Every structure is written in C-alpha cells, then in structure tokens.
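Chain IDs A, B, C, D, E and F follow the sequence of writing; residue 1 opens each chain.
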Amino acid sequence: MNTPRSINPNALRHLVVAWLAEDIGRGDVTTTSVVAARQSGRARIEARASCIVAGIEAAAACFEVVSEGTLEFKAAVADGGRVEAGDVIARIKGPLAPILTAERTALNLLARLCGVATETARYVGAIEGTDARIVDTRKTTPGLRALQKHAVAVGGGSNHRFGLDDGVLIKDNHVMAAGGVAEAVNRARTSAPHGLRIEVEVTTLEELDQAVDAGADAVLLDNMTPETVAEAASRSGGRALLEVSGGINLDTVRSYAVRGVDLISVGALTHSAPAIDLALELEHVARDGTGE
Amino acid sequence: MNTPRSINPNALRHLVVAWLAEDIGRGDVTTTSVVAARQSGRARIEARASCIVAGIEAAAACFEVVSEGTLEFKAAVADGGRVEAGDVIARIKGPLAPILTAERTALNLLARLCGVATETARYVGAIEGTDARIVDTRKTTPGLRALQKHAVAVGGGSNHRFGLDDGVLIKDNHVMAAGGVAEAVNRARTSAPHGLRIEVEVTTLEELDQAVDAGADAVLLDNMTPETVAEAASRSGGRALLEVSGGINLDTVRSYAVRGVDLISVGALTHSAPAIDLALELEHVARDGTGE
Amino acid sequence: MNTPRSINPNALRHLVVAWLAEDIGRGDVTTTSVVAARQSGRARIEARASCIVAGIEAAAACFEVVSEGTLEFKAAVADGGRVEAGDVIARIKGPLAPILTAERTALNLLARLCGVATETARYVGAIEGTDARIVDTRKTTPGLRALQKHAVAVGGGSNHRFGLDDGVLIKDNHVMAAGGVAEAVNRARTSAPHGLRIEVEVTTLEELDQAVDAGADAVLLDNMTPETVAEAASRSGGRALLEVSGGINLDTVRSYAVRGVDLISVGALTHSAPAIDLALELEHVARDGTGE
Amino acid sequence: MNTPRSINPNALRHLVVAWLAEDIGRGDVTTTSVVAARQSGRARIEARASCIVAGIEAAAACFEVVSEGTLEFKAAVADGGRVEAGDVIARIKGPLAPILTAERTALNLLARLCGVATETARYVGAIEGTDARIVDTRKTTPGLRALQKHAVAVGGGSNHRFGLDDGVLIKDNHVMAAGGVAEAVNRARTSAPHGLRIEVEVTTLEELDQAVDAGADAVLLDNMTPETVAEAASRSGGRALLEVSGGINLDTVRSYAVRGVDLISVGALTHSAPAIDLALELEHVARDGTGE
Amino acid sequence: MNTPRSINPNALRHLVVAWLAEDIGRGDVTTTSVVAARQSGRARIEARASCIVAGIEAAAACFEVVSEGTLEFKAAVADGGRVEAGDVIARIKGPLAPILTAERTALNLLARLCGVATETARYVGAIEGTDARIVDTRKTTPGLRALQKHAVAVGGGSNHRFGLDDGVLIKDNHVMAAGGVAEAVNRARTSAPHGLRIEVEVTTLEELDQAVDAGADAVLLDNMTPETVAEAASRSGGRALLEVSGGINLDTVRSYAVRGVDLISVGALTHSAPAIDLALELEHVARDGTGE
Amino acid sequence: MNTPRSINPNALRHLVVAWLAEDIGRGDVTTTSVVAARQSGRARIEARASCIVAGIEAAAACFEVVSEGTLEFKAAVADGGRVEAGDVIARIKGPLAPILTAERTALNLLARLCGVATETARYVGAIEGTDARIVDTRKTTPGLRALQKHAVAVGGGSNHRFGLDDGVLIKDNHVMAAGGVAEAVNRARTSAPHGLRIEVEVTTLEELDQAVDAGADAVLLDNMTPETVAEAASRSGGRALLEVSGGINLDTVRSYAVRGVDLISVGALTHSAPAIDLALELEHVARDGTGE
C-alpha cells in the first residue's frame, strides 16, 4: 500500500466551492425562510452501515466554506478508520443555517468516498497474505479523481498513475497504432521522459515475451485466466513488474494473486463502489449563536 | 415525465475542459510517444450491456475539445434510445491521437450517465400504468448534477428541484428548527418568493394534517408503509401534491404508486446506479490524416 | 415583505475583487505617488441626501479586500436604516492608502444600492395599508442582480424570481409560441419541475379566464387600467395569485392595489432608481499606522 | 470627442457569459417547457423612445452566446445612430428558444447603454460651438465601465481616465494627505511614470496658482461658480489644461463652457442616465428551424 | 527613480497559486514518499553571488500558499538591499514537507527578480551624477511584468508605461500607418484621453522637429549616436521630454546621458538580465512539528 | 532526443489570453488613436541573429486571439528550423491594428523560446557522437514551463520530469530528511506509484553504491569532476541510469559525456538562455481591409 498523497488544500477548496455552488445556486431559500438567522445548533454525521471512512477533509471543507469558518467541525474518526452502523463520524456545532445548507453536498461526497474505501478494503482483505497489491485505474468519476484515489489509498490499495502524463501505459489501441508490442515499447523507450517506467498491455504469452524482450518495465496481463497468469509469471521470471487486470471481482481476485504477480488493478473500486448510507442528525437547536 | 432541460453548451464545455485536464494533465505521454502525429483512425463506442443511452453530448464534447474540432463524431443512437450488448453507440473518425487521449474521460462520463438513465427506466417501467411519476433527488455526484438530472429525464423520470434555490422543501431538520410543521410552513409562505411551491416532509398522518391545514402545496411522506401512504392520500384528498420517499427499491416501488400519490422520489437513481460497461474499439488505423 | 436572502459571501467577494480590478488595474498611481506608505487616517462615509441604506456588506468588502483586512470598517447604520443628509453611514480607520484606493468602487456600489432601497420604500409606502406587496423584476443591472434584489428586500419589497430557472413565468412571446394561453399553461404544468408555480401573463379578461381554467397558479395582468384590474380580481375570485405590472409609477401605484391584487411589480426599482449622493470625507491623517 | 476605444471582444464575451449565467442559472425553465425545440422565429428590438443607440455589440453577443452562433442578428442602426420611438434597432432570426432566453439580458444592457449615450449627447449638444469637451468620470456602474465609457464616446463625449492606473488625478483627500497642493504635485511629478500627465483638483484660485506653479499639467476646478471658473481660466493663461466639475447639470453646463475651459466632467452621464425603454417583439413563429 | 508601485497582493497570490500548480501538479510525489508528515525543519535561502534583492514578497507567498500559512518566513533583507555570496536572504521554519515542495518555484522567481534588480542597479550606477534616469520597456517576460517592473524600481530605475493602455507611444510602425510623424501626433492629441502624454519615436532630427512642432510631450530618439542625441537635446530645447533608446549597453550608456536627456530605456533589464544563483539550504530536520 | 510533447492548444490559448491582457489592459490607446479602423497591412517577423526557431504556435496564437481570427499568419519556418540574421520567420497579413497590438507579446514569447532552443542546440552539438543526452531541469520561468520544455525538445534536448508529480527525484534535502540515501530510496520504492522510476541525487561514490544497492533506477551525480563521473559510471556498471548535473557549461559539457553517462542536465537552458533579437517589420499599409 502506498502513502496517501495529501490532497492539495487549495485545489480541494476550489472544487468544494464549485460543488456547493452547484447545489446552493442563488441561496438556500428553505433555510433562509424557515430558520432564524441567529439560531445555533449541534448535529452529528452518523453511519447507517459498516464502512471504512474516507473524505473527512472534503466534508469538513463544505461546512467551513458555507459557514465562513464559523462552524466547529470535529471528526470522531480519521480517514481509514472503520465504523459500524450507528457510529458517529463527525460532530458539527455553531450557527444552524450553514449546517443545513452544507449538509447535502458534504454527505454526497462523504458517502461516495467511504464507498470507495470500503470496497477497496474488501479487495485488499481478499488477497491478504499474498505478495500482490490492489491498485486502482483511471475509471474514476470525472472531477473526483484525486479524492477517489485518496480513498483507495485510505482503504489499503495502491494508486496507479493519476493521469495520462505520469506514467506510460501502452494499451491495445496503442499497440495496434504502432504495429506491434515490440515496436510500441521501443518507441516509448526512446521518446518518453526517463523518469517514467514503460508498461504495456498484452493479451497473450507471445506478446508478453515480446514486451519483456523489448525492455518493458511492467506488463499488464489483460483478461487472462489465473492459470495463464501463473504461466506468465513463471515465464517473465521477474524481469518486469506484472499487473493483472480485466473483469476481476471479489470472488476471483485471490485466484489471481499468484506468485510473481505484483499488482491487481480493479476498475470497480471507483466506477461501481456503492455509496454508503450516512445521515446528518440534528441533536439540538437553540435561539442564540452558541450551539448550546 | 418532463422535458429534459437542454444542457447549457457553454457550461458543459467548461466542465469537459476541466475533466479532460484532470486526466490529461501536462499531456498524454503514451500516445505522444507511440502514435505518429499524422496517423488517422476510425473507432466505435460499443455497448457491452443492454442500456438506455444518455450523455452523447458530453462524450462528443470530449472528442471535440481534445481534437479542437478535427474529429468527426457521429452518434448511432440519440439520448433516450435503447441499445443491446454489441450495439454501436457512436463512431469517431479522424486524427488517431486525440481519439486515444479523449477515450477514457468520454467513456467515464457516458458509462455513468447511461447507468442513470437505465436505472431510471427500470423504476418508470415498474409503475407503468399508474398515475405516479418517478423523480430524482439532490443525492447526485458533486459536479455532475445537471448531467445526471438530464439522464433521469432521458430515462423517463421527472426532475425534482435542481438545487436549494429553485424549490422550497422543508425537511425534518427544518421542522425541528422552526418548532413544528405548521410554523415552518407558515414561515415559508410568508418569506419565500411567490413563484415557488411550499413542500414539507412529514413522518406521521398528524403532521400531514398540519401541513395541509397550514397551506402546504406539496407534502413529502417520508419512510411510510404503502398502507400508511394510501391512508395519507385519502386523507389529503387532493389538497396537496403527494410525494413518497425513503428506502423504496425496484421490488417495492409499485406498491407505493397508489391512487393519490403524485411522485415517488428515488435517491438511488443518482447515487447507486451501476455504470454501464462500454468500450472504444479501434477499427482501423492509417498513416495519413483521412481516417481511411 | 420577504426575508432578505443573505448574500453569499464567497460570491460577493469574488464580484468585489473583479470590480476593484476594473478600477484599480495595475495600481493606484496617484495614491502610490502622493501618499506615504505608512500614513494612516480616519474617514467617514456620509449621506448627502435622505435615503434607506443598503449595500453595507458590499462597501465593507471593498475596503477589506484592498487593505487585506488591515482597515477597520464600522457601519453606523445597518441595511434598512434611514439616514438624512449629513448623517454618517460608516467610519473607516487604518492605513490611508487603501482607504483612498477603495473609495470610488465602494461608493459606486453603495450609492446605487441605497438608491434601489430608497425607491422601493417609496412604492411600499404608497400602498401601505393594502393587501398588496411591491415586487421587483428581472430588469436589473447585469452583474448586480443579487445585490439589487437584496436592496429591494431591505427597502420593504418582495423578490420575484431570481432568474429564468427558479420560477415559471409565461410571457406574451411564450403564449404566441405555444399558440394560446391555455396551451402554454398546460405545457408548463406537464413539463416544469413540480416545485415551481406556473404564472402566466395575460392582457385581457378572456385570457385571464383561460389561464385560471387551465390551472395557472398565478396570473400577471399586463398593462391594464385599475378598473380592469379590479374586475379581474373579482373574476378570478382567489383561484390564482394576481400580479399587476406595466407602466405603474408612484402616482398610480395605489390605484392598482385593489382588493384581490397580491403583487405589484415595478421594473423601475432596479432600472431607474437614481443613485444617492454619498461622499467619503477624510477626517484625519497621521504619519504612523495607528489612525490616530 | 475621442475615438471610441474598441471593446475587447474576448473580455466582452467573458462578461456576457457571466451576465447570462446570472439570469439563466440552471436553464430557462419556462422556455424549455413551453417552446418546441425545433421552433424558429423572427423578432425585432424596437425603441419606445427617442435615443442614441449604444451597445449593439453587447446585445449581439448575448444572442450569439445563448444560441451558440445559430441566431442571425442584424443591427438596423450602428452605435451612435439616432432612433425614434417605434424604430427598429435590430432584427433577430433563427431558433426561437434562444431568442427568448437571451432577451432580458440583451435588453438590460442595451437599454442602459443607450441611456448613457443619449444623456451624453444632450450635454454635448448643450455646449455646441464652444471649445470645451464633455468628459465622463469613474462614477460608473461596477462591471460596466468599459461599456459605459464606450457609450459616452458614442454619444459624442470624451473619456477621462479608465481607472486608477492610467492617469494621475490628485483629489482633495490626496492633497490633505500630502499637506498641500504644491507638495502633492511635486511628489507625483517625481514618482509617477513619465507617460502620465499630472492633474490636481483645486477649490480656490490660490490653489490653482499653486498647482500651475508646481507644474501641474491639468487642473480640475471643483465646485466653482461660472464666474470663478472664468477668472481661473484667465489666470492660468493656458499653462494647464482646465477641467470643470461638480454639480453641473443640463441647465448650467453651457455657462461653464467659457473660453479657456477644456473639459467639463459630468458624473451623471454614467450614474444617473435613465434607461431607455426598449422591447423585443416577436414577429413570427414557425414550427421548423428556418425562421420563415 | 520612482516609488515602486506596491504589488497587488490578491493578484500576486493568484499568480503564485498558478505557478505552484504548474510545478506541483497532482502532488509532490517524492516528498510525500520520503518525508514524514509530521517532520519539521529549518532552512535558509542563501545568495551564491552578489546581488540586489528583489521578489521577497513573491517568494514568501510561495511558502505561505503551499503550507497554508503554517510556515514562518522571515526575510533577512528587504527588497532593494544588497547581499554578497554566502549571505542569508531569508529563513523558513516549520513543517518540512511544504518547504521542499515550494522551494523550486520560490527560487525560480527570486533568482530572476534579483537578476533584474541587480542589472538595473548596474545601469543606474553607470549614469550616476547625470540628470538622466534609467527606465524599463515592455520587453518583459509574459506573466511577470508587474514583478519585473517592481524589480526595476527596486534596483533604482524608473518604470515606463505598464501596458498599451497607460501611455501613448507612437512607434515607427504607427508613423508609417499614419503617414508621418506630425499626422500621427495630431491624431493622438485629438483622440487619446487627456491624462496621457503623447510620446513619439523618431529616427532623424527632422522627425524630431516635426514631433515637437506637432506638440508631442515626449520624444523617443531611436538608435542615434551620442552626438546626434546631444544635438537633438540642444535642438528641442526642453520643449519635450527626451528618451533615448536602442542598443544601449553598460559600456555606452553613460555617453548617452548628455544634458537634456531625461530618460534612457534599456530592454535588456528585463529580457536579458541573468538569473542570480541562489540556494535553499536545509539546516535542521526534526521529527516533530516545532522546527526545533 | 524525445518527441516534443504537443502543446495543449486549450491551455496555450488560455495562457496567451492572460499574457495579452497583461500588456493590453483596457486597450491599445496608441493604435486606437493613430491607426484607422479599416486600415490593413502586411508585416514580417525577422530574425536579427542566427537561431533555432521555437514558439511559432505561441506567436501565432497571439495574433489569432487579438484579431479574433481575422489575421493570416504564415510561418516561413517550422519549430526546430535554423534561421540566420535577416531571415523571415513568419508573415502576417490582414487588419493593421491587431498586428500592432499583438506585436510585443508575440515577440516577447518567440524571442525567449528561440533563445532556449538555440542554447539547447549548442549543448547538444557539443556532445555529438557520444551516448549521452542533454536534458532540462525544473529551473524554468514560472508560467512558461510547457513552452520552455517544448523549446528544449525542439532544440534537440530531452525533457526531464515536467513537475513534482511525474517523476521521483530524491534530492540532498530529501536524503537529509530521511536520514540517508538507502532509507530514502527504500521509502520511495514502497510508496510511490509503480509507474515512476526512482532517481536519487548523490554526491559521493559511497552514496552511489548505497543508491544502486537500494534499487534506485537512476542516479544523479551532483557536482562531481569528469574523472569521478567516469569512475562512477564504471562502478555502477549499467545497473542504474546515470545523470550528471551541477555547474556544467558549454566548455565542460563534453568532458562529462563519458561512456556510461546517460543524461547531462543543464539548468542554464531555461534560466539563462539569452533572448534572440527579433523584429516585426511593417512592409505595407493600405486603407482597406485586404492587406494589399
């Protein structure tokens, strides 16, 4: 598992401002009409299902931005912690109106990120004790990549490249364009910055041989059976990192974690992890601004 | 079902530029290294599962932006159409590099939006023949609300409010802040712009009575059994629009579509619809810029 | 009168930064040349005519942004208060240079917003004791809508919709497009989100009948005489909200506030309210940074 | 009169996009519901009062942006032309929906800019035959400065500085900070870029002498009577440009245009010019996309 | 020398955020991997060559933005101070990771700005005792103009216009377009705002006569020998400001500073000043967050 | 040499718009005053010194943006071509005003980028025939990195990492933080994404051994003599890529290109390359808009 890259707070705040604007538009007309301006309150965010928590910083930023820093947000559990149904994830205290205005955006983020971390932890657990690592893919939700990759790391997985510029991954369409695995690898070795490893996707053992012979640093074995993967691992003999991918699910993942496999990438971590059911419960409302 | 609000093309383009930047960063180093600058190609986007298509405009914008308009994108089916596994959704032709660079972002969007439309269509189908309509909620993915609401409409559902500013929906926390259903409704009637209806969430039949007596235009019946919902409908006697919500799934939805229920809102349309499996298949590559 | 929707401070600051940039450009060359960097001062903003104050937050933001928070801005009167010529509206104390640099933008905003609030208060006063409310329109100055609508509320008026997305108002051109009042109302009832009321503009009593029969929630009576308005009110019998509009001025407004009229909309509140004469007077300058 | 500085089209478009977003928000729900997507139409913008036209480019940009270039906008008169009530200012043809969606923002801009140009022309006419020129001030509406200054030039006036960075104007507060007119002028002469003239505001003839002796290039005579202005002009004997300002109106402006006065600045051109009454009249609607 | 115009802190921060984003992208993967999150440290920025310091505020902003204000940055010398090789320019203390992440961007800015100030000081020194001033040009690095002009002022030079809008400078191509020096000057006198001086570039003494006779306020003598410049100065007799430009270097600059020459402009100050060699030296690392 | 990564045209245009705004501000007051609006012209950009051309796209974008596409820009030579003093680099034809307004920004960019490409070509030439490649560093001008790295590639050099996120380079400060070369390399191998190579800076042969033994993929030999570099190359025996860096200049670079050295990085390519002298010469002006 890799160290979660810290989320750039300037970039996070910029995104949160945009996401809040999407929901709030010209103002929360219900809260403005129904809640008194000086009313204060206390609330908790509570899990309604067991999960690994991720996204605390993003949720906190929602309340901070809407309230201009007048709300006190206290996480009861840090990113990576496990909670059960009924457990408190965070407590919020201060002016009531911004609690209600920020609620939906904060929960929308938190529920999805907890979902990613929790799903990742399931896959990581399934291969425990092997030498392989679970990694994510670029099949992320547009706009949420940094947060989703953070959630994967929090859940115990490792991050594949963050975009098209920080890793060379030659896929089937690139191979077709170049006219073959060896030619594609050679082009990349000549042209790509020297700080990037060259990884290439192969679908047969013959292509694996070509890739390794051409000097690929890593090979992605696409849509192979566990048996073929095992043979591939034996054949490459450690000359390249081996990544396995393609239609792997919780039932089959362990069968792919054979000796010699370094990485198992799972798109479903970020494109299909179900959101976790969370709720913001108001615990107390008061007429003044103290939250008491 | 309501008319899908057309997506603001300026806003869509602005989002697509940001989403592409998230993936491409400082450049697609693999494609730059492996694909010749003048190489052209033809590709198709193909469904690998049955679905209702949504998001064609967003996908097209990805290829248009990356290629600066040099790619030809032809939809084989319009938003709202149904395709089966193996069917072609769109064809793309022109310079090869931008096809490969835009691929992932376009598919990430399209797969999620087809998922929303398809899930919506299932719920709409489940209550066919009743007077109720399926509506979405604000439980959307941050950044994707307009597109997801469009996908709901494309799938046959109706859109609830788009944000906190274009509808008054008094929820349990607001009721608690105001000190009761009647007081909350009265405040909203006095303070909110006259163009907005007043809707209030209730959890008991007593609260329903209070809401209707206070002049609510619509009442959201939260987490009631189908039987209680039926009694509520009979009790309100058409004096307010009735919306049903809370833990409704495909198995139970029809039991809630009783006479007198106008709307059934389903958060899962946008927070849990599984992404549809799609692929971009390269059909042909050439050395010149014609795509032939 | 409705509760003034609080101005989003993030959005306000964003606008203020842009407005200051419009005036300051690459720097206040006069102040840089003539005022010593460490010089401090005290100033007051003073009314030169009787008015209702509006825009204190916007003015304060100008001084806050230019001085990066080093100026102390104290309002002597809150939004909604009345001042007479010679009265102090606010006092500013701290470094002298940012006071002079922010002055013009702050006064440009404040003078216009006080103008809107003051004009609104005149109309509100003119119909005092009737059941009608004064409402604004979308005839606002581009870029200033939220602030102008806030000033209307501060002046005792109510806000009509804030934009094209938070209310349905079918105008003459829409009626012409749809082929009639009834058809237009029917289309809107079917297609628009259920949280929005349906309002339609009519110019004759026949159209009023069609509108009410088709189920319009509100009807805008355009350019009718007070007598026709009275007949319309009697005819609709409370089945729809009635709004009166079109060429109404301070002399005629009371004659339109007949029984049964709910709203009187006045474009002139935001497109023709004269700016209030205000001035920033420097009271003291010192050589150090204390303002004393 | 100076040559109207051409409006930067990129900057104008950027502003127009923001102004349209302010009005349209998440979509024009009325037009979407009531107007058929393929319906086309023809409309005209018509003056309802005599005026000098200004703002054609801004209005055209509104229709161009909303329709993504599918509307044909033809000005019937160029900026600077005079029209009478009932005259056509522009004609628009093409898809109906964007005509209706862009209408309000376009008219809001055009009505205000025609107002500025028309008011300017009145002042320019009032001093016809004298050597003085009418100039604007920085008392513009935040966000509209470039357009309002353009409208002043179109109306026959000249532009004073565009902001705090393209001219040195030492005002009373600066004089107080520097400790005197002569000291303030000397500081500016030493410190300001050599491409900028030094102008200083004076309120007495003694200050005028100090200013001229200190080498001011221009002097602003603030709140003087026409007689004092005449004496000032004689006293300065052409050694500095003379600008007159302060409470000048249409009735008094000619009395200030005495020999030796170069410029008369009028804040009311941009802070109090009444908006011109304009309307968009739909002339024809059709079911297809041709506008015929 | 003119007073350095203070750098707009909002604008500076906006630029710094963009420049940091250019370097950091999705995160500093080395520091994240190698440095412990709670580790603190102390570092100094040290000159490796003699120079005039400029850009302290910009460098400080880099550390402030990356660390979100948790780093303490103390300048050891202010802008305009001279340091020798080995001298400390600033000290930074606090969390270690942001020190390392901000280092390169901060040094890239500081090294270039110190370079500009140092080069300017050389030219200023070379004409010491004469009446002429050294001024910069618009040959600045795109994006860095305000900072580079600040560095010129810090180095003892004066600033020419900041852009195309705050000064009239008629160059050879404008003269060709207008059909002659006199015609070009006349057009500018009629059309340009009265707050701007009219400067015109000439290449012969005949053109100088035409310029002065047409009323130019300043004349730029382009590519003349010192002898011709002296004759030009004598000929114009103080009727216009004289600026000398064109291929002037440190060896020749004093020969151009003859009596009557007001300004000598040097493009090389901003397009060719070599960067100063600077380094960030880590002095101490600790395991906790105190920097001790 | 690596393939120049194509410059993202959306990003380039965004930057060019900002750079033009920096120079043009509220408008080119000289050109507006002096050049007739309908006047057209022809101009050429000409080299005044021998150089390798780079930046054609950036220069073209300046003219394209200012003229809104009405100017015709024809490059006479592509990026990477060599020109001599007097050679034409590009020709521009169309409306005269935008040629003059865009001139300075276009030349400022082009001159600096040609400078980088030309300097790079000198270094590349100096090691011709050896196995080493010249690479750039992160010592680029803030805001210009992508363009400068493009210019390096155009000049025959290779690009090192583009930022802190697309390569792991453990520098002396990181080593100090981790407590040693081996520990730092181990941490990075565990934590960094698998697509990135691990490079570490060493200053002694002992550290080189530690680095190679710890599994570093590349080692940067900092500030060593050519002799020590040769020994290092022999010692590492191809087990890691070797990069040499530190105070290398044109005179010494070849002595470092010994057998076994893969890369020589030179900060001066981007921080000290002198700008190339270029000029825009107006060839013809006409009164109409044809350019003839």
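Quick note on the criterion: a residue touches a chain if its C-beta (ideal position, glycine included) is under 8 Å from a C-beta of that chain, and two chains touch if they have at least 3 such contacts.
It should be emphasised that the depicted structure is a prediction, and the values quoted were computed from it without experimental measurement.
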**Prompt:** What's the overlap between the neighbours of chain C and those of chain D?
**Reply:** A, B, E, F
**Asked** With chain centres defined as C-alpha means, what is the inter-centre distance between chain E and chain F in Å?
**Response** 22
**Message:** Between chain B and chain C, what distance separates the C-alpha centroids? Give it in angstrom.
**Reply:** 35
**Item:** Chain centre separation (chain C, chain E; CA means) in Å
**Value:** 45
**Asked** At which residue positions does chain E touch at least two other chains?
**Response** 2-3, 24-27, 29, 32-33, 146, 162-163, 165-169, 190-193, 196
**Request:** If every chain is a node and every touching pair an edge, decide which shape results: line, ring, star, complete or other.
**Result:** complete
**Fill in**
chain C residues touching chain A in their complex are 2-3, 5-6, 8-11, 146, 162-163, 165-166
**Item:** In the complex, chain E residues that touch chain F
**Value:** 15, 18-19, 22-36, 39, 41, 43, 96, 100-101, 103-105, 108-109, 111-112, 138-146, 162-174, 176-178, 184, 187-188, 190-193, 196, 271-272, 274-275, 280, 282, 285
**Request:** Would you mind writing out the residues of chain E in touch with chain A in their complex?
**Result:** 17, 21, 24-27, 29, 32-33, 37, 65, 68
**Item:** Residue numbers on chain C that touch chain F, as the complex places them
**Value:** 25-26
**Request:** Flag every residue of chain F that touches chain A in the complex, lowest number first.
**Result:** 2-3, 135, 158-162, 165-169, 190-197, 199, 217-218, 241, 243, 262-263
